[in-house]
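Two complexes, one shared chain (subunit A), two partners (subunit B, subunit C).
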Partner chain A sequence: MVDPLHIVVCGSIVPDPLQTLEPIATPDGPALKNDLLLPAILDPFAAHALYEAAELAKQCAGSRVWLVSLGPKAKLQQVMMSLAQKAPFELVALDGPAHGFTDAHETAEHLAATTAAIPGLDRDRLLLFGGWESASRGQGVTLQIVGERLGIIDQFQGVDRITPREDGSFEVMERVEGGRHLVSLCAGPPALLGWATGERGEPRNDPQMGMKNMRLMMSALQKAVPVTLSAEGFCCRDVRLPGQQRQTRIVKDMQPAEIAQEIFEWIRHD
Partner chain B sequence: MDVDIACVGFGPAVAGFLTEISRGLNENPSLASVAAPGMPPQVICCERADDIGFGVSGVVTRGRAIRASFPDFDPSQIPMAAPIAAEKLVYLLDPVGASRRSLPLRTADRLLRILRPLLPFRHSALEIPWIPGFLRKHDGFVLSLGQFTQWVAGQVMAAGNVQIWPASAVAEPLQESGRVTGIRLMDQGTDREGRPEAGFMPGMDIRAALTVVGDGPVGAISQQLDAAFGLPEGHRRREWGLGMKMVVDLPESADLAPGTVFHTIGYPEPEIFGFFYVHPGRVASVGVFVPSWFDNPVRTVWRYLQHYIQHPYLWRFLEGGRLRSWGAKSLEESGRCGEPFLALDGCARIGECSGTTNILTGSGVDEAWCSGVLLADGVLDLMKTGRSFTRENVEVAYVERRRASWLDKELRAAEHARDGFERGFLRGMASMAVTGLTGGRLHLHFAARQARPIRSLEDFCRGRLRSSELQALREDCRIRNLPLHDAVMRCCGWPEIPYDDQLLVSLQDALLLGGKVRAPAGFRDHVRFRDAEVCRTCEARICVEMCSGQAISPDGEGLPVFDREKCVHCGACLWNCTGIDEEGQANLIFSAGAGGLHSAEN
Partner chain C sequence: MAAISPAIQEETLRTLPGDTVRQLQWRFAERYDLQMLVQAAREVARGPVARLVASGARQTHEWTAAKHALLEEFDSSGITSAFLDTENGGYLIGPKNLALALIAFELAWVDAGAATASLAGCLALSPIHERGTTEQRARYMSLCAPASPGEDRKPWRGAFCLTEPLPYAGVDTGMLGGKVTIAEWKEGQEPLLQVEKRGRFITNMGFANFVTAAVDTADPRITGSCMVILEEGDPGVFDRGSITRKLVHQLSSTSDPIFSLRVPASRIVGGYTVKEGRIVPNFNHSEIIEAVFARTRVTVALMTSAKLLSAVEPVVRYQRNRFRGAQQIKAGSLRYEQGLQQREDALHRVVDLWAMGEAGAALGFAAARAFDELDPLEKEKDKLREEAGIGGGRAELKWLKGVWPAAVEYVHHQATNTAGAVQKAANQDVLVRYVLADAVAGVLCPAAKLWNTGTGANAMREALSLMGGYGITEDCPGFLAYKWMDAQLEATYEGPEAVQRRNLIVTMTHELFLEQFRQWIPEMRRIAAHRPATGACVVASAMKLWLWTLNHLQNTSDADGSKLYSSARQGVTFRLADALCWLLASRQQILDLMELEAKSAANAAGCDGLTSTVTFLSDLCHVQAARAAGEAGRICADLVYGYNRHPSWDDPEHKGCFLGEELEAWEAYAPGMTAFALDVIQPDGSHPEKAGPCAQCGENSAFQQQRNRLDLCLTGSQLAKDRAARALAMVMIPEVPDYPR
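Now for the complex of A and B:
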């Protein structure tokens, strides 16, 4: 019997990946054009973390899962309509900007303070989850700083699997250079796990779960604390999208090896 | 799972319903759930699309019902909304000489060109100086339906009385002894044929005392209810349209005020109506409607839309613009003639699937909203008085309200407005004018035609292309697995589209740039073909020609193949299937489906 865990997932929203993004300059700094119009989803890395957290909680009876999310309240509410059907969790909402043009330290400070203040959270059972990268907070350091602010020393990044053991310890499988994995044994919570893609797909929608979740989530959204990120001493000197090149052609019955060779040649000449 | 009210689809009708229900529940806290004793009434809404606001509609509306629900309605609070600043009705002449115009219309066009110094004629178009009252939207606003429904959903959800579930396609209504008892969601974790695979999760049954169906013109639940209960005597669904639109970032040179509206007629074919609406932030919605009575068997809407936007009257604003978003939807244009049974035991129908689209005024969103509000008022009455949702009670509470409303009065007036279009463009316009100007008191009488098969391509192209030429085109397209429409249009004189990679793009590029289609794995294909032999022997194959996303394509052996990755769920294939069996059933099945467009701007 594994001891119950308290798993806090830090994750926010990002534009739906099918959207066309265009950075623009505003008097308040960089922003995305038509940001308000863009449909949003939970950051894919954070989503993996959340689904893994829900699965882990299922394995460790009595566990609880919180999602600490900093984003515009209205957008958070909309994303929760879908997310609430995927996994059981409790929402802790912060009403503030979700775009990536913010100081990771300042964002982390708010997330850490909010996490520390979760009623009933037992630090000795705490696993802090999040994405090892983020589609919006692209510095990829926010989660680590949250962990440091909470005094969590055992940190793992690029995690694809966690296996709890009877004695309270757990095995963590992390991605390392060269397409390999590193397996570590951690004595137990508290620990921080920045998830890569994990090993499970997106859960199916379960309206019954959604109905239960959403009752609590609406209350959490109503209580969302407004957060202003001052960005004092922080500026973005240049903002641009990764270069893209699109070449479309239709080829039927091409062998995988030929496709791979063509991609290889294309990358080599890029 | 048991709830009190289950809604299908989150379009304007259900949005109106949930807005009023939510308020009613706030104002009547003593109302209690029957499904979950001790709780407030449990109201849920299942929406097929992956998120709220992924619908498509080019909306200019007077918004009477919407404003009645939101007396302080301020368009500036909704992205892309603006009050109407200017409105024009424009007759577009054919600048390329390829449009298929009758002799009287060609004569009229010549006359207009001769008289143009005396007329408001410019850029190959006549700005008609007077817009009939029934068409005017002067006191209304332009909207993005996606943004509007998102705005409504935010408010409805925040009130806490109602839950809306996107990505929850409803497969079928639950029925027991003629009573609708709820809905069944689509199975998850299946292959394309619907066979269970890893992670299979059977579609959940949601039992409800009242099922509110507002799933649009080609909704799976509406189709099944119509099949089970039929239509009232004399009602029929024969009139359809396919609307396709783009949302465009206008170039800086386009000095149009937000709220500028052009309604157009005459081009690219006389039967095709068009629209151009300007949103705040130098953004425009531009699109066309291709009706079912335009009997071109290769009626590709995308190609026509590309010619439409290049008309000089519009191109002067659009040149240099950039495609931002794109989509298409079917329109149920039978209006009140296609109204189903609005009340069933345990069920009510609202919105477009209930015949609310007004084909005379060219308005549907506000009418759909109105029907939802009327139902909500009735449902609240029934709940307050403790009456159940029997057909008789729903008739009294909802249908009688609807019959007494401006909605029904205007739908009645519009019933015969478009009868003349089956006899040609000019007769159609005359019949619309007479009906509209007399408020429906008079209409031109045309003997009702039986539903007839669409014309053959040879017949449609008579005088332009010989049979042998068409046969050669067919053979060439068959070998290359291509639809026929581009080849036929090219041979009929339509110029090639000068692609600019921004606005004039191929349909496949439009899917990438603006359509943003997603087809999640683990669901059954929503388009299937009952009998392959019927498809093999079908000569028209309009399902291929009219498919908005080229999701249905020929496979070289005469069979249409469906590719869910490209489907925008417009539903045009359903009403364009010519393989109708003796029981009136189409050979093409268009059922509940997951995924589709991922854009909230349309």
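Now for the complex of A and C:
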């Protein structure tokens, strides 16, 4: 019997990647054109973390999962309409910007303080989850800073799997360079896991669970604490989308290995 | 196009309307259960359904394993159980009309066949839900609920089998094929019935476990028609029949089944009573179908509106990218950037399409909400009726008619806003609220079904043509060609257009509907006073003209002395029904806009950018209002003047024209008069070369005045269209379509 865990997932929303994303300059710094009107989704890396958290909680009876999310309240609410049907969790909402053009330190400070203040959270049983990257603008440091502020020393990044053991320890499989994985054994919580893609697909919707989740989430959204990110001493000198190029060549009957080799060569020389 | 001033750019539409806008317009911003349902249905629609369509699954009539897998998607996403009550495995509390309407809308955004497949199960259950006995409800609702986690069973699926005489389909719900007789009736035991039924074009028949079938009596010991529940395992023949070779909605299973089954009489939907040795079903098939179709037709109406709105984005993307890739078009040039959207016509046609879609959706969702309001009132009414010891049918109608005066009074008080004791009392009176809501729902349902699907199918053809040859290919983004063809079936499903018109000509002349309709005219004027750019004033004028015309036709005869407004005179009544539909849709579109404006202003913090959306949608309202008024005005003019005989040069006493010698005599008294007289018969009998003396409006001068006023009310509508077109040329759309996912 594995001890119950308290899993906190830090993750926010990003614009739906199919939308037209156009960076613009505003008096408050860079932003996305029509940001508030664009549909949003939970950051895919955070979503993996959330689904893995829910699965882990299922394996460890009595566990609880929270999602701590900093984003515009109205958009968070829209995203929750879908997310609430996918996994059982409690929402802790912070009402603030989620456009990605913010200082990771400041964001992390708010997330850490909010996590520490979660009623009933046992920090000795805490697993802090999140994405090791972000689909909006990954500085790749926010989660680590939250962990540091919460005094979590055992940190893993690029995680694809966690396997709990009976004695409370768990095995973590992280991505390392060269397309390999590193398997580590951690004595137990507290620990931080920055998830890569994990091993699970997106769960199917469960409307019954959604209804149950949403009753609490609506209240959480109403109580969302407004957060202002001052971005003091932080500026974005240049913002642009990754360049796109399209070069079409018609080739018939090429073998997959040859295609892969050509892509590899192209990336290497780019 | 003309250059756009910065001021206009500020106000223009920024993105296509998102969920926040739709939730406010269609009144489910406070319903997170419905918002979740929308997301769940959307995920299924744009994922598995869209992938299936893209993979060519619509090329087969057969019900394949891949198509069948969609049912499991419906189950797991909550689409199947959305119809069920909570005690039977459902999760939505209260009436489900708006919920089902939203599901239909989301699924039909991609493929209406999938929507039909999901809703046909609800249709099969609806007779049981609306009129079934407690036992019937408990049994079939529970069987149809998807398995809970850990439960090992497959949910039952149902089919609804009505069918007119073979080989026809979708003609008239009143004409029945199928017989029921008593096979065995032992003393003290329940009778056994023999059901003989052949179905045609029956949805879900490829996999249905049970069927709710309409049958007529073929036995003197059974009184009238009824609906019976047939199960797969019943003794006899349960043959699913040959596959219907339909050309549309290929993601729904349709076949022509044959049933010859022996079933207990307890399978009669709603039960029966034994009177003088005869089985008397508690509800005949018409009563049940009336209750069922009154609700389910709304969802079909919304399927077509979803198609129209879903076509906007693919068409805009096509227009913008139209010239890209051509060698002579340089990147950055106007043609490269704007493509076909440089041209006014391309934009105007998309504006028309969009406006039509908005109006249809507004009308359809209003109808769904009307039934959500009506359902609980109907239950309370039934309870009161039973308590009063009143029977069904005519006795009930007579009983309810007693409430009409109070209902009329209530409407008047509401209109004059004299909130006094009378109004308060009426507000609390279930029966008053019931009869009023019933009168409106009775019009909105057939109006939505008729107008959304009929005019929607025509609009889809336009949408397709906007994409040139690409539109008629299988790989056209948004599956527009499929949608165009599907719309034709939607105009037929659950009662074709003639049936809806027949229904409408009865309900639209209901005293309580007309009483409320009269109050809607000043309501539109009030809106116009604050928001003239919505076109509310032209809708009000057209509504007034329609009312005048109805009254006129009801009290007038044609040139041959035949009564004009009678049920047999469909050339009059049906067309007036058509005119009404345009107006109802436009009115509702404006009301939705007002709701959006009010609520988005209240939520200003969370709804940044909505002002520009409201402005754009207001222009669409104006465009649609002008079109609706134009259609209504044209129809009314046709009807008012068209049944008068045109004056002839040979009319006795030369009515309507002058004689040449008369004019000469009058010229002496009124010099110059000759110049004004056009219709003159000369002494030799010659006259101007035309059909006869010009027709005069005569006693219809009031109509002419109103028609003139209506035409003048069109002022500004084309400016609104230009504004909307400019906005359309600049609106930000997603980089790529979001389905198939």
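The definition used in the following text is that the second predicted complex is superposed on the first by the 244 of 270 C-alpha atoms of A that agree within 3 Å, B and C clash if a C-alpha of one lies under 4 Å from a C-alpha of the other, contacts with A are read in each partner's own complex, and residues count from 1 in each chain.
One rule holds in what follows: contacts are C-beta pairs under 8 Å (C-beta built on N, C-alpha and C of every residue); 3 or more make two chains touch, one makes a residue touch a chain.
Treat the numbers as computed from the prediction; the structure is a model and nothing was measured.
Sticking to the clash and touch definitions up top, decide whether subunit B and subunit C on subunit A clash or fit.
Taken together on subunit A, subunit C would clash with subunit B, as the superposition shows.
So, A:L36: does it touch subunit B (first), subunit C (second), both, or neither?
The answer is both, since A:L36 touches subunit B and subunit C.
Can A:S82 be said to touch subunit B (first), subunit C (second), both, or neither?
In the superposition, A:S82 contacts both subunit B and subunit C.
Which holds for A:V239: it touches subunit B only (first), subunit C only (second), both, or neither?
Neither partner.
Based on the superposed arrangement, let me know which partner A:V225 touches: subunit B (first), subunit C (second), both, or neither?
neither
Counting only touches as set out at the top, which of subunit B and subunit C does A:M173 meet: first, second, both, neither?
Neither partner.
Please work out whether A:R204 is in contact with subunit B alone, subunit C alone, both, or neither, and reply first, second, both or neither.
Both: A:R204 reaches subunit B and subunit C.
Once chain A of both complexes is superposed, is A:P72 in touch with subunit B (first), subunit C (second), both, or neither?
The answer is second: A:P72 touches subunit C but not subunit B.
Per the contact definition in the header, classify A:Q19: touching subunit B only (first), subunit C only (second), both, or neither.
Both partners.
Looking at subunit B, which part out of 91-99, 307-315, 451-459 or 469-477 clashes with subunit C after superposition?
Clashing stretch of subunit B against subunit C: 307-315.
Where on subunit A do the contacts with subunit B and the contacts with subunit C coincide?
16, 18-20, 34, 36-39, 74, 78, 81-82, 85, 204-208, 210-211, 214, 218
Quick check on the complex: what are the subunit A residues that touch subunit C?
The contact residues of subunit A facing subunit C are 16, 18-20, 22, 33-34, 36-39, 72-74, 78, 81-82, 84-85, 204-208, 210-211, 214, 218.
Quick one: in the complex, what on subunit B touches subunit A?
Touching subunit A from subunit B are residues 1, 42, 44, 46, 50-54, 79-80, 144, 147, 150, 153-154, 157-158, 160, 163-168, 185, 188-189, 199, 201, 204, 206, 281, 324, 508-509, 512-513, 516-518, 522, 598-601.
Taking the complex as given, what residues does subunit C use to touch subunit A?
Touching subunit A from subunit C are residues 14-15, 18-20, 32-33, 35-40, 43, 76-78, 81-82, 91, 603, 605-609, 613, 732-738.
So in the complex, which bits of subunit A are touching subunit B?
Going through subunit A, the ones touching subunit B are 16, 18-20, 34, 36-39, 74, 77-78, 81-82, 85, 201, 204-208, 210-211, 214, 218, 221-222, 246, 248.
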